[in-house]
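Residue numbering begins at 1 within each chain, and the chains themselves are lettered A, B, C and D in the order written.
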């Protein structure tokens, strides 16, 4: 054989080497991530490869309670769509609802029980077993129960409805503690209070935007965040183009243009805090112009005489003839509807303002009329859940109790007061006084980070539950939520946690709360409902009903339309009318701007900030992604010499935040707006350390009548820091430059 | 002479797309659209659009097959915001199609402007030629943070770096619908049987999708609406998306 | 014709061949530098880009085309005068061509190769580039002949083939000369290269004819190549690119920058390969005059382009025009106008036209200007098309800039290799320009 | 048997060539370091057949170019941009390029056929012929003619004459 010289050999090696490198480079440059074809070794029984199955359940991204259908392939949730048979969502979803999958498959979910080692709030947790966790909690609470100290146990959770609420209540009652509270920043306390005064009802009425012809919205961003956005959007579509040749008109009254403002035919920026006054002005004009023909016309004109359009115009800075025009249109349209929310419902005069708006509805004669306010029947169950709402006042009490050391064990579930309360109320500091904080949570948000013990809950897509949409849709409705995928991690549905805690604590708890799982509990309750509603029958019938309900995801009685609420006496309405004067924290001279925090369609009150799809969804009005900004009127910006991207110190009497400026054409001069939702100190990789949270600098003014936080009643001043920061927007130039992009101008109805 | 002109015209507009069973078309009613962007997230969920991250957004390299464009009109206080959803218009005379040297994009017999990812070599000419700027390029190979990838839709491929991608009118749903139609011996898909993700999610029902070759289809009726127009009609790309202007009152 | 007295035939051989046969350390150092620059500035960034994706460059959603393409156009342009000029001058047999055309053609060849490199760099998935050639494959893939890019593929491959054949055939007799002047391996090699050329009347005759036909083919080809490159842009409906004037605009610009390139190369040959006696004033003078003419044509077309945009008066065109003249890249635009429209006018002065150094500076400025022109074409129009909301902005990343620099090193490397393998000046054609030796002289 | 005479001066070389030609030597090759019109006239070479190759190539190229584009369009019926399947204008450009490509390639072939190159076999040659010598080679001369040819060459002023065996 031929000898290979050392030199040749080296050459060959070299050549080979080059080949190898080349190969690697090529491979690297074209490689793709390898996916397993069938991800589960032991698939669930209803699993067949390549075939998608749909499960109906309830969305939990916001309190509207939309029904959703989840598409499952190979045991994994692939897509969330609206449940077509659900009366609230009617097959539609909002962006937040779609993003529920990011919550389920979120990389930052809590996967096992955790115990805080190291100092509280430091975020050093170590994994422990469920037994350990439950025994710790159980023994602690058990001891308190034995020495009748159970009232030192407090349960705080977000807006919980349906039978889970009953379960919590039962648990606390059996424990002997009446400190079961709910806190939800977005809960419409003022609206409830006002409706109580005007209509004497505890249940949110159904606002029939769908059939309205003239919609007057005082600050309520009904398309983005107010109460039930998806349902309202459906209604809006119908209001605009659903009726042949009869296009409804919408007017939006708010200092900063919201989604609903953009959709409206007319956007009116009244002076902040005077919306209620404007309502009364319109009411006055409506009556005096003779558009109201009720028998009690004189009382009304007497009650409203102080609010002549001229005076109101001076206060609200809305021109007099505009007020008259609105009054005329509102009074003469076949179906007029006035709603109030947003900043209008977050001033010191919130209730008074909403009462005024209610008066408008009364004067329009739309109560219990199609296109007006339709009173809901009492919900199918858990009617009293609303009464558990702590409201801001309630939270202050809780903080007081914690400070005073009256709280030994604090159970927190699905609410994040550390984020959703102003800094200077000191919830975080108060927590330091609590010996044991237990968080029942799926994510490590700011409040959960403060816990000593984290009991990881399964997400709503992995748990059993039921819900009554609030507001209802005019007839009795209840939805069932069921697990659509196998639980991903070592987590438990919150209901099951409560039940196992009950077993752990012992005493009479397990005797009364004898259900093994939430599923059993719910099924039994539904059976009771089923029986109560008179349809006594055999097992099969209920089983059939139950199966049907499960498949549909919802049960309802469309027949039973509730118009039977007595139209409230005008006297009570007139009596309830109060002068809606607003107070603001901070003196105008040193705090020249009114701070307008607003909920965003992307993050709602911040609970959506940990979902990447929502972080990457451009803000509907500004196209900004990832981060916060403060909106300024172009004129104001010019006066102060502020350009987009200049970082400002927004300083209120209660604190200050540092945030880049954004020039926003549709905001009232003298008002600055900061979106709520960003500015998390924890809550996973997508939310953490991004933007600012305006709630933290809100001064703690309280609406006297509802005891709720007046978060739109803070004044601020702006300071240029000299820094600049790129605001990440997807928009280029937001003017059409005279190009026919939006189509030829025309007025077809 | 006239016959010659006639021939020439035929030669220039052969009109394949009317010969076939379907001509998928969408109408978007701007009077209903509220700019809520549910469609954008729905599309992201359905079509495995990557989560590109803050940095990529800052570099203006996001991928959104459907986006909402914003246009301000007037100044405060009489300022108006106009939204217009912008997605691939599936033009019958698409400028992008002629551009591709390797047939990675062409017009299929359903009137869809298709994009074949694994044939694309990434010249990006189509994106330059597209006047609607609805073609998005994969500047990188994007990955999903564990376990987000479990959500990925198995009916849609995940694209690698260096390929162009864009709205497909959810062609995977069209395929499924056609198969179902075949299974129960129908030649045609029923109206409303195919619903792209964006149309499905739209809370105001602003988007309507269907086969415009079928005069009974809802979309055909919508197209007759006097408010109808096509964006950048003057470019003669004959889009398959008809917009209905917002009504000003 | 000759500044330093007429050389004899033998001297011509000696002078020209010595460049090939004698290699000093300076050459190797130079080659080493250019190669390493090419490696560091061009190939390393490119490899990085292959790993991460084209995102390594500064392009984005609205500006999907970037400096890679402007460089591509630039190099194609640079390639434009070598072969074209040589062919035209051959047909019109003007004697001053003979000394310079060999290197000019080499320039064509190498800038074409560099341009081809940029296509590779530009592609998103370069590992599938072969799909754009009509090569049968089991996937049944076949290119789309309606695509302007396919025109490019066809035109550029044809151009590459034609000009390499052109330069090779022109060099065959000189390869024979090399063969005869050398020994050993080189002799064997060049025996093959020269096809065993003997220089018989018949061979000369056939070569002459063939060469003329090559020339005839190459001229329309060269014109078509750059018009086709221009169609990549003009066939889009992008405002600012969708202009009928683009084809002549590109062609003229290409010849312009190419001619400037030749001046630069001539300068280097003359200086470093001491060809003073072959490359003289006459060449400089004629090239100078050519440059003036071309620059005037170029300016004219430029004005026309602006005018037609303005005259069209659509919002799209006007916006594009405005951004070009006053937008972020306006300084670049005016710099281009200065370098390509005004600086060349200096050549009108004989004093400048006859000075090698001044002409070198001018020629380089012109090419800087042309490079900017190509950048402006890509960077100003296509990120700002029809929908204002989708308006974007493009700025090259450091990777692109480095690759741009590296390309020049690649070109230099190729050229350095060339002068060692092919006589940089056509020996036999130079001899044609000499007065034949006479007994009575 | 071939006679090879080399000249220093073009004119002598040409006279020698003329004489040889006129005195009936037809297998003459005239080697020169540069193309010489006169030499080609002496051998009455006239127009070169290369041009036929070029023409043929161009035509074939044109046809095959259009054919390729059309065939592609017909084999893969992939409508793009609402254009006709057989889209003439773009195909014409392909045709144009292919015309030139084939034209050039055929011309190259033509050159090789006509000139008989490559011919690497050893033939009568002086290496200085590529530098500054003009060489006349008379081949296939009958034994009796050799002297005459040699005489003509010498008279013309060749300063070096060689007798070389053919093709060894």
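Here is the rule we go by: a residue touches a chain if its C-beta (ideal position, glycine included) is under 8 Å from a C-beta of that chain, and two chains touch if they have at least 3 such contacts.
The model shown is predicted, which means the values in this text are computed figures rather than measured ones.
Undergrad: Most central chain by CA mean?
TA: B
Undergrad: B-D versus C-D: which interface comes out with more C-beta contact pairs?
TA: C-D
Undergrad: Of all the other chains, whose mean CA position lies farthest from subunit B?
TA: D
Undergrad: Go ahead and note the Å separation of the Cα centroids belonging to subunit B and subunit D.
TA: 61
Undergrad: Cα centroid separation between subunit C and subunit D, in whole Å?
TA: 30
Undergrad: Can you check how far apart subunit A and subunit B are, centre to centre, with Cα atoms defining each centre and the answer in Å?
TA: That gives a centre separation of 32 Å.
Undergrad: Please compute the C-alpha centroid of subunit B, do the same for subunit C, then give the distance between them in whole Å.
TA: Centre-to-centre distance between subunit B and subunit C: 42 Å.
Undergrad: Which subunit C residues touch at least two other chains?
TA: Where subunit C meets two or more other chains at a single residue, that happens at 62, 125, 142-144, 146-147, 150, 386-390, 392.
Undergrad: Spell out, as numbers or ranges, the residues of subunit B touching 2 or more other chains.
TA: Within subunit B, residues 60, 62, 69-71, 95, 98, 100, 103, 106, 141, 232 contact more than one other chain.
Undergrad: I need the residues of subunit D touching at least two other chains; which ones are they?
TA: In subunit D, residues 76, 78, 80-81, 83 touch at least two other chains, as defined above.
Undergrad: Based on which chains touch which, is the overall arrangement a line, ring, star, complete graph, or other?
TA: Chain contacts: none of line, ring, star or complete; other.
Undergrad: Name the touching chain pairs, please: which are they?
TA: A-B, A-C, B-C, B-D, C-D
Undergrad: Which part of subunit A faces subunit B closely enough to touch in the complex?
TA: 30, 32-33, 35, 39, 50, 73-74, 76-82, 91-95, 97-99, 101-102, 104-107, 223-224, 229-230, 233-234, 236-237, 240-241, 247, 249, 257, 259-263, 265, 267-269, 488, 601, 612-618, 620-621, 623, 625-627, 633-635, 665-669, 685, 726, 728, 730-731, 734-736, 740-749
Undergrad: Would you mind writing out the residues of subunit B in touch with subunit A in their complex?
TA: Touch residues, subunit B against subunit A: 29-32, 34-38, 40-42, 44-46, 51-52, 54, 57-58, 60, 62, 64, 67-73, 75-77, 79-84, 141, 143, 145-154, 158, 160, 197, 200-206, 225-227, 229, 231-234, 243-249.
Undergrad: Which part of subunit B faces subunit D closely enough to touch in the complex?
TA: 11-14, 16, 91-98, 100, 103, 105-107, 238
Undergrad: Can you check the complex and tell me which residues of subunit B touch subunit C?
TA: Its residues touching subunit C are 56, 59-62, 69-71, 86, 95, 98-103, 106, 119-125, 127-129, 131-133, 135-141, 161-164, 232, 235.
Undergrad: Which subunit C residues qualify as touching subunit B in the complex?
TA: Residues 52-55, 59-62, 64-65, 122-126, 128-129, 131-132, 141-144, 146-150, 153, 232, 235-238, 382, 385-390, 392-393 of subunit C touch subunit B in their complex.
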